[in-house]
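Same chain, two partners: subunit A is paired with subunit B first, then with subunit C.
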Partner chain A sequence: MTRAAEWQLALPLALAYAAFFLVPLGLLIAVSAFGDERITTLDGAQWRKFLGDPFTWKVIVDTVKLGCFTVAATALIGYPLALVYLGAGPRWQRVILFVVILPLLTSVVVRTFAWIVILGREGVINQAVLWLGLAPAPLRLLQTEQGLVIALTQIEMPIMLLPLLSVMSRMDPNLRDASAGLGASKWRTLFRVTLPLSLPGLVAGCMLVFASATTAFISQFVIGGNRLVYLPLIIWQQSLVVYNWPLASVAALTLLVSVGLGVAAIAAVGRRGRAYAV
Partner chain B sequence: MSHGRSSRREFLAAAAVTLGSLAIGRPAHAKGSVTAAMYPGTWEEAFRAHVMPALKASHDIDLEMTPLFAVDQIAKAQAARGAPPFDAFVLDPGPRVTAIDRGLFEKFDARRLGNLSRLPAGMTDEWGVTVAAQVVGIGYNPKKLPKPKGWTDLLKDPWVSRLGMTGFQTTFGTVSIIEIARQFGGSETNVEPFFVEIKKVLPKVAAIGAPASMPALFQQGQCDITYTNTQTVATLRGRDVDIEFVKPESGAVAFFTTMHIAKGSRELENAYKYFDTVISAPVQSALMQPPNNFIPVNRDVKLAANLPMASLDEMAKFVRHDWSKINPLRAGWIERFNKEVAR
Partner chain C sequence: MLARRASDLAYSVVIGLLAGLGLLVLVGPVVIVLLTSFTLGRSIKFPPSGLSLQWYRLLFDRVSSSQIHRAALNSVEVALVAMAAATVLATLASVALARRSGRWVRALDTFFMSPMILPMLAFGLAALMYFTFLGFRPSLPLIMIGHTVVVAPFVLRTTSASMSQLDPALLESSASLGAGWLYTFRRVTLPVIAPGIAAGAFLAFVASLDNVPVSLFLAGPRSDMLPIRMWGMMESMLDVRVAAVSGVLIATVLVLMLVMERVVGLTRRLRD
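Let's look at the complex of A and B:
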């Protein structure tokens, strides 16, 4: 097949991207430049109003912070599980993979509402805490950042583990054996061999979790309520409740840029990590 | 080879005929259809159970429903710019005013409704017809808390530490906050007193949640008192949740749910028949029964004992609000609420 024909094969997808991503993105940018909700005056007033408000910056920082906490939690809990997967036989690997994919088979709405039952005042965690006498009164877990991070960690775990497991399953087991054979301790093998080799999967997982957690409107709103305000809530309020589409577009673009910068930062850390390992 | 090719052609031809007959076949067994936007949950289930069969039986029209909250209907219709994705709206007063303002409705001729004479006066206007009433007050758990008297009790102990709140995103949230503000000297255009008072007790408030999650939060005991409508209270009671409705001393709030024809709809005739079916006595009566718990608007329907009124004429005694004044202020209130209550 010639080079031109190969290029043509990608054409349908490229056209779909242009029509359904680039054009709407252009529209979003155009709408954000208008100053009034009727979309008549082109003066960029909404940008000035939004970015000039200190509350906006608090919301941006909180949104990025939520992404970072969720990435840290999923990586810390997910990586050891991936190591177990690496050491397991083929049958157990299939079992682990199935358990990892299982949550994806239920809707995120169902998983989120289930977390209300778990984190609630009369929920499983609080009943256990009270029964064990760890606290005199029920802990407040719903509508707190900690509670939301706990829930998002479970909700986002599959998208951290899937790229990680796929990279790990392609890793040559002889390399670890060679490391051990040459006298490296288990920890040294982990940090000098396994971790660097699995880094692409870990970085991909972190990027996906970051992008997904910062934009998880349903989980943020249902578990965080109105006490925790993140950018997706502002987009929803402005676009669907008060119909101020220019301001909603400004918030959407702000979210896009914040998430984009976060993902780029994770990728940069990944590249530096690999350079260090080599 | 040639055999294989001809059988593939036959298969394709057969598939085309089948698909074609499916496409043409549909209107053949019904006089037509109407696509209605519908509130998800109780409304959608009740309409599927009662309105859909009644419309089919009386007019041979298929009802198709698009589940959308009021605010989503406005956003969709506005984005569609004259080619509405549905023929009929179902709206609360706030979004209704927005839609009129933005020209999203066809003009409405109430005389085309066969059941018009069965509605109390003022239930129709040039834009649409009222199909149900909603009454908003306080819902509380009688096993956990003493009975509150009025709106101000929500911000006092012991109630405030068990209070579940929502903001200005919904109609019931907005009117409840206005009523709280009114008790402290505010009005439907001034909710400042609410912000002053809530600030004093904010750390104690049990939950400030997403409107859609409030029934779940109440059911799970996260909060034991909240502002809500009679329909939600009845639905929760149907699920054996301990909840009772209280009419505040200053009066419960009433507002109407209305239906409208979307600008540019091609099913005007069917939309009128759909509305007429919704307000007909048998359908209104069925919608009033549990688990639907609608407040009917047809005078021929004998009101159930659990409704907050003995007759429809009492609706005049309930607190009403002017949404044409509220709407322009709402964006500012929502922004303020975010800032004041956010951690």
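Let's look at the complex of A and C:
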């Protein structure tokens, strides 16, 4: 085989993706256009019904909001950790990397379960609150948006940190030293040197976290309960409980578009930020 | 000068506190689950009311936990097949796309990586409808196909990273010395990219083992998967065996991770 013919090696994966990825997604779009559960009338009625319902828009807004909160929380806690990584010696760098990757490889269901133990009525947080006398009765943390955001912050933290650590480990330390040597304070060095240089990693992390948090069905369902409704719950209910596949497809495509727009928005903010920094 | 020192001190305190919180948040839940699984009590509570191995004993009981064992075996079987299929397909694809540029190559690469960012739940539903229309009922082979699609990007990423470190001059000299393509691939390319492939295969295995959104739609009554079963056990809050299963999973991942770190430098590969 010549070098020119090597591209054919991509064919098996391309064909597998075409047959088992692209065609099913096409089918998803096709089914969403049908108006009835038996998939016989092609009139787009489910789209009209779904998007005409004010409740739908509340769910879409809540889903996007959940993604934004989780992105903000993971960035706020993850970025300082990445800064510490940047300044640490090789040994501590290995420890931090290990601590980030262990939860990444631990099942999402296990991590979700951990937060039930922590946030429950008799959970770790409530015991601490009662012991410190901060509240007279156990706080309700499960089945609240705050509780869910706290849990998702931990669950999504590793995928925020990996791209950040990747960028940080490639950063030229001389630039930070030069900034300090020229008399800039630590804050100034952070905002004028480190942050602009690490922006691509931060943007990549935000995109991954947003996409993951908005679709994290098990975490949303188990910690949020069925009082908090997000798009994944509607997809699950309509497809596997009610068996209304057209409506489930409409909800799935709505989620897909919402996530796509959110990710594109984060990328756009990142580009503007870079333009400002230079 | 004093203001400057105060500002630098404030920087260290703020960053240090937030980073410490980050570390605590990352490690704390894992530790809490591990400790909870050794509880002597009958409910999930932290700190545990005394230590025992009772829930592990119940978990490994062949009769009372047979459903969990079945689900765990299914999950491992699916993960092994999906890992093997994804590794072969994605390694070939990354060899094909390596050191090429142009619009088509970039488009193909984006297409191959798209399952990473696309809501997997949407793909799970799409796959369920697709296979149903083709006349199949939910079963293990369907889950294997679905998982192969969503874990292939992991192998593609790590293998492509290794391919970019391969010196083209090596390939040229091998070819100019009369070696055929396959011989060059086996003796030159493969040894260089093998650690990347191994790291990707490991990630693919873990991702498949952990997958919920695809299994949720493609698993039937006879093809129960471990994460789905654990979800069911969590819904009925009393089952402390979830903690024991979690303990086993954490220990397994920890051991595998340490082995992979030794063999292929896993964490470094994940970072780069």
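The rule is short, and it goes like this: the second predicted complex is superposed on the first by the 261 of 278 C-alpha atoms of A that agree within 3 Å, B and C clash if a C-alpha of one lies under 4 Å from a C-alpha of the other, contacts with A are read in each partner's own complex, and residues count from 1 in each chain.
To be clear about the criterion, contacts are C-beta pairs under 8 Å (C-beta built on N, C-alpha and C of every residue); 3 or more make two chains touch, one makes a residue touch a chain.
Quick caveat: nothing in here was measured; it's all calculated off a predicted structure.
Novice: Determine, for the superposed arrangement built on subunit A, whether subunit B and subunit C clash or fit.
Specialist: clash
Novice: Could you say whether A:55 touches subunit B, subunit C, both of them, or neither, answering first, second, both or neither?
Specialist: The answer is first: A:55 touches subunit B but not subunit C.
Novice: Which of the two partners, first being subunit B and second being subunit C, lies in contact with A:72: first, second, both, or neither?
Specialist: Neither partner.
Novice: Which touches a greater number of subunit A residues, subunit B or subunit C?
Specialist: With both complexes superposed on chain A, more residues of subunit A are touched by C.
Novice: Look at A:139 in the shared chain and tell me whether it touches subunit B only, subunit C only, both, or neither; answer first, second, both or neither.
Specialist: Touch partners of A:139: none, neither subunit B nor subunit C.
Novice: Could you say whether A:267 touches subunit B, subunit C, both of them, or neither, answering first, second, both or neither?
Specialist: neither
Novice: Applying the document's definition of touch, where does A:33 land relative to subunit B and subunit C: first, second, both, or neither?
Specialist: After superposition on chain A, A:33 lies in contact with neither partner.
Novice: Touch test for A:121: subunit B only (first), subunit C only (second), both, or neither?
Specialist: So A:121 only meets subunit B here.
Novice: Which of the two partners, first being subunit B and second being subunit C, lies in contact with A:113: first, second, both, or neither?
Specialist: It touches subunit B and subunit C both.
Novice: Classify the contacts of A:226 with the two partner chains as first (subunit B alone), second (subunit C alone), both, or neither.
Specialist: The first partner, subunit B, only.
Novice: Quick check for you: in the superposed arrangement, does A:240 touch first (subunit B), second (subunit C), both or neither?
Specialist: Both partners.
Novice: Do subunit B and subunit C land on any of the same subunit A residues, and which?
Specialist: Correct list for subunit A: 113, 116-117, 120, 122-123, 222, 239-240.
Novice: Quick one: in the complex, what on subunit C touches subunit A?
Specialist: Residues in contact with subunit A: 4, 7-8, 11-12, 14-16, 18-19, 21-23, 25-30, 32-33, 36, 43-46, 88-90, 92-93, 95-97, 100, 108, 111-112, 115-123, 125-130, 133, 145-146, 148-149, 152, 156, 181-182, 206, 209-210, 212-213, 216-217, 227, 230-231, 234-235, 237, 242-243, 245-246, 249-250, 253-254, 257, 266-268, 270-272.
Novice: Taking the complex as given, what residues does subunit A use to touch subunit B?
Specialist: So the residues of subunit A touching subunit B come out as 55, 58, 113, 116-117, 120-123, 142-145, 221-222, 225-229, 233-234, 237-244.
Novice: Can you name the residues of subunit A that touch subunit C in the complex?
Specialist: The contact residues of subunit A facing subunit C are 1-2, 6-14, 16-17, 20-21, 23-25, 27-28, 31, 76-81, 83-84, 94, 96-118, 120, 122-124, 127, 153-154, 157-158, 162, 165-166, 169, 185-187, 190, 207-208, 211, 214-215, 217-218, 222, 232, 235-236, 239-240, 245, 248-249, 252-253, 255-256, 259, 263.
Novice: In their shared complex, at which residues does subunit B touch subunit A?
Specialist: It comes out as residues 71-72, 74-75, 78, 98, 165-169, 206-210, 212-213, 216-217, 220-222, 330-331, 334, 337-339, 341-343.
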